[in-house]
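Shared chain: chain A. Partners: chain B in the first complex, chain C in the second.
After this line comes the complex of A and B, so read on.
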């Protein structure tokens, strides 16, 4: 499995941070040339899915140095992942995070992950910050625009 | 914001009133000076009239004494002369009194005219000041009302806006939230905002 496929599994910033931490732990362990210890670190640092990805990544590599190189390459690629900041009005469930991740990876490429935060004041929709752009797609903004546009109409109702 | 408007309006109104009062005072003083001058003149004319009468009376008495003491005239001639002097003095006095009375009448008319003129000007000034202040006050009231109506309108719209947000925030279900997020993201694709 290529590192690009591994990166496509990372959806959120939390996952990315945990993945990076795990790889750093593996790099430290790979120098020990202790397959058992390496397997323990792999199990402790990653969930089953991520562990499977790493195993595929280093499959067939016997040399500790080559494993180390492979992991460092993976870490380098991880560091190039682009962050999409999302503000939502509600705490998203895992299924919705996956839906969002799928949408953004389709739009901006697999090399993206989401950094989601929550603010109920935006009422609904989302505010996206990506590559220095700030796009307000919130319901609060839409509502404000509606009131500005229909100010006179609303006033006449009083 | 409203208090300075009231403050400056009052200042403006008081200033206008002060200017008008100053003008009225000057006008009043000028007319009173004229009035006193006319009164003085009338008193002076009456004094002259009295003096003139006294002189005429004295001249007539003197003439009668001279005629009475004269020996060249007969009694009849003396009587005629005295009668002529009396008539002449009387006519002169009457003519003088008539002229004096006419003068006094003209002075009175002039004074009355001045006072009427002053009165008319005073009424005009008061009316103009009233109108000016009323117009200024109306303008300020309209401005004040406009500002307050705008404030009330904005407040009401703000209340409705906040209420809408409050209600919407509580009414949207999780699934609606999720669908709306995807909907706005899809919509943003068509506008190429990314």
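After this line comes the complex of A and C, so read on.
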């Protein structure tokens, strides 16, 4: 398996952190336990989807050393995932996160994941920071600009 | 530029770039993002603190922070598309300011026009420079006669701690300030009490209006301390461009070097001799190269440097000697013998000061300097306790008298004409039978009369102006003015 499968599965920073934690647990176990116990560690450390990806990754590898190498390679690849920082006005549901992730992965490549934070002060829309670029697409900014632009017009109505 | 959290969103919007703090060291942070940032560019943190980009690599931007505040990982950073600048202008005269030109709480407010000037500028080229031709009077006889300085000279003032360097620097500042020159006293990473002391001195002496105190205290961030001499030099350049002569005192560059070493070691720069980074010479030379004599006016830099146990061969000390136009060595041994100021004339150097002197003073300086070396050797011989002929005894008395005259209390400023006249009198044997106290009293009276009695001033100036050589001066004094 190429690590692309793993990369496409990781949508958010939380998922990335838990994935890395799981791989570290597997690396720690790779020399210490037999195959059966290793499979148990795998199931405990990942959800079904992710566990399946890892199984694919190490399928047919007998030597503990090669498993270790393969896991380390995977860890190295996922460490290079680019972060897209998103500031939203509300806490998004899972379905919304998936839609967002799908859109960003299509636009910027599979090698991206979302780091979502919430600030109700932006009212709506989003603020995006990606590769050091900063774009404010928030409703708060739109409103600010609107009030500045139409200051006289609004004032005349009162 | 000052701390302002309000501007952060403005800069974020203006440049459209953001960075995030990834690693924090005291005074240094490593940030991701900011793809278009330039080296030395100023950046602003969302907390309102500011910093300067030190270096850029593929992964991180290295930022020097100008505030001692703790920076959190994840803090946003915005580019400013600007460089470090300081407020410079006549409004700063009389104030005590930090390297951004912001006055300290106890200082007078900045009143009057100021303009922003970048701190890091390329020094003026050879076309803008002229030869040093005017003498700079410090009011310290031994310096003005034996190790003279010129306007536009860069002179190192070097010596152990508590050997009288700062006292000398303040005396020189006072003497120049009363003559109307702009004086900038720059304290680099000093104690608050030192800053207050300088402030008190200039106020008490009534020269605050001619003085700017640029200070960073030891509790400031290393980044801010590092900027201090550059900011002071930038303000000096402002006054130079206004056609005013400036005396810039940098107290001291060994502390500056130590702070830069701290920053460089934190930034994991490869350490060189004494763990200083390889570019420490460049850091100081690009600063001091900005002083000198220019077509518009002059910037005289008096640079303090500390030695340990009188060792002049330290790394920073020799670097500074190589950059400057000479050094005044304050000898702790002389200081402990009670000699004030403890300037060691034999180990002090002035490379360009003599060219600014009149032929008379140059001749006098050389004669006295030669004689003092001879006197020193004679004194060593006296340890053997042998009998000397009268000529040798006379020479020893003469040497004692000259040394007595050069011993000067911190509150005494001797005008150059008085120094010339008094040395002429001593050489002519006028004070042969005077005790040290009597001589000191006589000189005090001369100084008083010179500033208050125009006829006396005219007389002294006349004697000096009609003498072309030292020999002629002594002859004139012994013939016509033995008793005045």
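Criterion: the second predicted complex is superposed on the first by the 157 of 158 C-alpha atoms of A that agree within 3 Å, B and C clash if a C-alpha of one lies under 4 Å from a C-alpha of the other, contacts with A are read in each partner's own complex, and residues count from 1 in each chain.
Here, contacts are C-beta pairs under 8 Å (C-beta built on N, C-alpha and C of every residue); 3 or more make two chains touch, one makes a residue touch a chain.
Only a predicted model underlies this, so the values are computations on that prediction, with no experimental measurement involved.
For the composite obtained by superposing both complexes on chain A, the positions of chain B and chain C are free of clash and fit together.
Residue contacts after overlaying the shared chain place A:151 against chain B, while chain C stays out of touching range.
Of the two partner chains placed by the overlay, chain B and chain C both lie in contact with A:135. Here the vertex is the CA centre of chain A, and the angle it makes with the centres of chain B and chain C is 50 degrees, a multiple of 10. More residues of chain A are touched by B (comparison of chain B with chain C). By the document's definition of touching, neither partner reaches A:61: not chain B, not chain C.
Looking at the shared chain after the overlay, A:25 reaches neither chain B nor chain C. Closest contact between chain B and chain C, by C-alpha atoms in the overlaid model: 9 Å.
Applying the stated touch rule to the two superposed structures, the overlap between the chain B and chain C interfaces on chain A comprises residues 133, 135.
Within the complex formed with chain B, the residues of chain A that make contact are 88-90, 92-93, 96, 99-100, 103, 107-108, 120, 123-126, 128, 130, 133, 135, 137, 139-140, 143-144, 147, 151, 154-155, 158.
The residues of chain A lying in touch with chain C in their complex are 85, 129, 131-136. The touching residues of chain C, counted against chain A in their complex, run 12-13, 15-20, 32-36, 78. On the chain B side of its complex with chain A, the touching residues are 153, 156-157, 160-161, 164-165, 168-169, 172, 174, 176-178, 180-182, 184-185, 187-189, 193-194.
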